[in-house]
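Structure below; questions to follow.
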Amino acid sequence: MARISSLSEAITDAVRDGDTLALEGFTHLIPHAAGHEIVRQGRKGLTLIRMTPDLIYDQLIGMGCASRLVFSWGGNPGVGSLHRLRDAVENGWPQKLELEEHSHAAMANAYEAGAAGLPCAIFRGYIGGDLPKVNAKIKRVTCPFTGEELAAIPAHRPDVAVIHAQRADRAGNVMIEGVLGVQKEAVLASKRSVVTVEEIVDELPERSLNAVVLPYWTIQHVVAVPGGAFPSYAQGYYARNNAFYKKWDDIARERDTFLAWMKANVLEKGPEAFAQYTRKTRAAAD
Amino acid sequence: MADYKPTEMMTIAAARALRNDDVCFVGIGQPSAACNLARLTHAPDIVLIYESGTLATKPNVLPLSIGDGELCETALTTVPVPEMFRYWLQGSRIKVGFLGGAQIDKFANLNTTVVGPYDKPKVRLPGGGGAPEIATSCGEIFIIMAQGKRSFVDRLDFVTSIGHVAGGDSRARLGVKTKGPTKLITDLALFEPDPETKEMTVVSLHPGVTRAQVQDNTGWPVKFAAQVAETPPPTARELEVLRELHARTNRAHSEAA
Amino acid sequence: MARISSLSEAITDAVRDGDTLALEGFTHLIPHAAGHEIVRQGRKGLTLIRMTPDLIYDQLIGMGCASRLVFSWGGNPGVGSLHRLRDAVENGWPQKLELEEHSHAAMANAYEAGAAGLPCAIFRGYIGGDLPKVNAKIKRVTCPFTGEELAAIPAHRPDVAVIHAQRADRAGNVMIEGVLGVQKEAVLASKRSVVTVEEIVDELPERSLNAVVLPYWTIQHVVAVPGGAFPSYAQGYYARNNAFYKKWDDIARERDTFLAWMKANVLEKGPEAFAQYTRKTRAAAD
Amino acid sequence: MADYKPTEMMTIAAARALRNDDVCFVGIGQPSAACNLARLTHAPDIVLIYESGTLATKPNVLPLSIGDGELCETALTTVPVPEMFRYWLQGSRIKVGFLGGAQIDKFANLNTTVVGPYDKPKVRLPGGGGAPEIATSCGEIFIIMAQGKRSFVDRLDFVTSIGHVAGGDSRARLGVKTKGPTKLITDLALFEPDPETKEMTVVSLHPGVTRAQVQDNTGWPVKFAAQVAETPPPTARELEVLRELHARTNRAHSEAA
């Protein structure tokens, strides 16, 4: 049952040291403000799951919150490497990071299976490459009708999913539009969830009979954090700040510039710092 | 003939390989530039799909990421990512997939995972993303990569996604029914697989490029086709459209941080 | 690649004697007009697949078009039996009808797997009941991670899917709204497809960034048949004619009243007879 | 006390069993009437889900079919049917599922498939629909059925969906973790499973109903609980709301054919 919470309350209640955590968002709607709160609260030993770990995971890894990463593509899209991720993997700074590496298809299927309450997913994949040699969780299942060998992977069942969305109503029903990623699946697959939103409204807009909605009884915490996806974006509110993504390459390249940025922009700030980034821009907003 | 850069020739050669009725799974960077150049020139009806779920998108500027709002706003519709990989990619609804990588071998197998040993990497690369299944589920694969001895290698450090495996019928023997890499487009030449051995073979050299230059930038003894053509140089129109696209894109991506 | 066709052309081209055919529609958007055309063209030996065979399958079965039915619930919803289906199963009239019987979960998963290009679907189901004893296509697969035994069934891969939708644009992109059923999956799982629509428009309405759309390159034939779902309904155009569903119970109960109705309303009519039922009623229409 | 029919008592007793925070998978007919009666009386926040994909729907009239437009128009949203069965039912997001059938046995196993042998049926019934997985995936099951010797039988002709199987721990031994039938609401009485044997046991008789009447309409020797209560009769308010609901529904469903 959804509760309207403050970000600090929500993270305190939902995210615990050692948890398996999915902060999802496929370019769009990445929960940056929630990630910053996790850093501020100093969580340790997290297993981070995500198809496309990007800046917010670079930050969590660089601040020493994570000991394990389950992922399929870890880079700064269109820019290059995630320097903090690389530093952890290549040099063990600030601590060692164990990797569990998949393909996108595997990750998407693992979330889907988790949402569907299944123990595993099957799909046609991982044929011929080396990933199955370095990831023991990739197995094979034989189709009992055709004899075809399919890839099998365990379903994702995170302890907590954290996502950002455009809106919730006061009951806590959350509506998502645009690039949907695997957020709905991540929430349905998880034991607990925190959803930050651009705004909480009296009534969700009547956009479509088939709108993507997470009902209140599938969510634990709903938090209004306007601008909370920056530098990612919220369709209908603000665009992706591609310039910041490019700038991150410089900030994160060295440990000291990274730490200075985190101190000034995360440790010494609160979620209200994100409000400056939001402004309704387009039709999707209504 | 207009003055142009080798990477422009590469993008333009890739765009030309696309047909008006293709349905393409588009990656960020060179593939995205090539696909949109094709769409803005000879292939106005080409269907572009990005793995973020955007079906039949027509971006006005190139996306920096695979899920920029521009892609969604100009798409026919946007589907969830699990659906994208299940119904669209695995469902064999994509004719052409684009791939690139940090390393390629002569059978067009690709590495985007690590340089050095997996457990003690010299360089940890971003990883496979969609590549392992794009490589086997799309009808055929086009690869775009600038040539160099560090990337065109005799032996991959890690096989992230397969091309023609060990050549011959080794790909088919894995049970894969799709064609695999049918074109490798570089800044120097166009390669296609030899019909028998499946080794990637130079079928066309870009204007002014010599065989020696190709060999100097390749980590294995390069095979040339019996007939090697010269790639037609970029037309004024191709260059103009490509440069306008990049200029629009650069303006859009440098808006206030 | 979608072609805008007449109904007669579309059925002639797409549906052949002996085909495996899915006319889908979950209460909503049932392709009645297309079913009538199949009857008029006298197709024989069809295997009919459908989760909820209702009036249109009662008609196809009663007219001797079908030799096999793959289904999970065969009744007149809220009214009672399908008398023609029962007559075929219980008495072999007008011919024997072989049954392949599933649960809804199995059928929905089988379409989903077909759309996903998989040879089979796995799900948690068919536990303890008798259906696996009478359907040899229900098997078991063991999860390689947990050891749990899951149900496995072959994917549906019909020769043809026939569905009805609200609108298509002139390129043949089809948009569906409301109760979606398994229609999208049925089309994507099939080799060929015919989509009848209420109207063909210059541009699909901009209702949602995540509208349910079947792109033109996934469809063979698009046919404008206004009213073509009657007595089922088209959200935004006309409501379900529940009174007709009740009336069908009387029409179909006896062979002669059934045959008389089919002669007068199907064999001697064409798709244009459906036009009287359409009228935009609600906001969903635009 | 108001005058009322046994089926009205049955619907009202079923409605009373529902709680304001329940999430229900609703079938057509009696379950739909009971759930909506609960929603219109003591459980305004109850979440009703129909297998057509309509989540949290609030129909003004009862649907004739499982996918009437009314359900979609008043729903929070409507999802595709495969998603309904995968994410919502199999995903264990439903607390209460409703079932009925043509035949029930003392362990609340149900038959909605055939009367007579499967291959040579005396009566071919509609079939299981969602029942086989509703029976095992919902947190608990409520069954609504009018009693009679042809439907309350000693031995089912076919087990479409399981209840407590052969009683005792036989359900759990199949690996099923949900509770199964916790209530059987008839036009005569309310049954609950015996904690040990799991046999459905009368815990409450509707006003004026005798034990002999229950036994006469049941094909096995009926077990009565140590304490058998009397079901409180319908209140005026319950009857009024239920009858208005049926009247609205009948008007809506007989509009011009």
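By written order: A, B, C and D. Residues from 1 in each chain.
The criterion applied here is as follows: a contact is a pair of C-beta atoms (placed from the backbone, for glycine too) under 8 Å apart; a residue touches a chain by one contact, two chains touch by 3 or more.
Remember, predicted model here, so these are calculated numbers, not experimental data.
Chemist: Count the touching C-beta pairs: is A-D or C-D ahead?
Modeler: Higher C-beta contact count between the two pairs: C-D.
Chemist: Taking each chain's centre as the mean position of its Cα atoms, how many Å separate subunit B from subunit D?
Modeler: Whole-Å distance between the two chain centres: 57.
Chemist: Report the inter-centroid distance (CA atoms only) between subunit A and subunit C in whole Å.
Modeler: 39
Chemist: At what distance in angstrom does the C-alpha mean of subunit D lie from that of subunit C?
Modeler: A distance of 28 Å separates the two centres.
Chemist: Could you check subunit A for residues that touch two or more other chains and list them?
Modeler: 112, 116-118, 123-124, 148, 178, 180, 185, 209-212, 235
Chemist: If I count partner chains per residue in subunit B, which residues reach a count of at least 2?
Modeler: Where subunit B meets two or more other chains at a single residue, that happens at 72-73, 78-79, 86, 90, 137.
Chemist: Could you list each pair of chains that touch one another?
Modeler: Per the contact definition above, the touching pairs are A-B, A-C, A-D, B-C, C-D.
Chemist: Which residues of subunit C touch subunit A in their complex?
Modeler: The touching residues are 116-120, 122-124, 137, 139-141, 143-146, 148, 150, 152, 154, 177-178, 180, 206-212, 235, 283-284.
Chemist: For the complex, which residues does subunit A have touching subunit D?
Modeler: Residues 1, 112, 115-118, 173, 185, 188, 209-213, 215, 217-218.
Chemist: Which residues, counting only subunit A, touch subunit B once they are in their complex?
Modeler: 26-28, 51-52, 71-75, 77-79, 81-82, 85-86, 89-90, 101, 103-105, 108-109, 111-112, 123-131, 134, 148-149, 178-182, 184-185, 212, 231, 233, 235, 239-247, 282
Chemist: Which residues of subunit D touch subunit C in the complex?
Modeler: 28-29, 51-54, 63-69, 71-73, 78-82, 84-86, 89-90, 113, 118-119, 121-133, 135-137, 158-162, 165, 171, 174-176, 252-257
Chemist: What does subunit D use to touch subunit A in their complex?
Modeler: Going through subunit D, the ones touching subunit A are 21, 23, 47, 55-56, 72-73, 75-79, 86-87, 90-93, 137.
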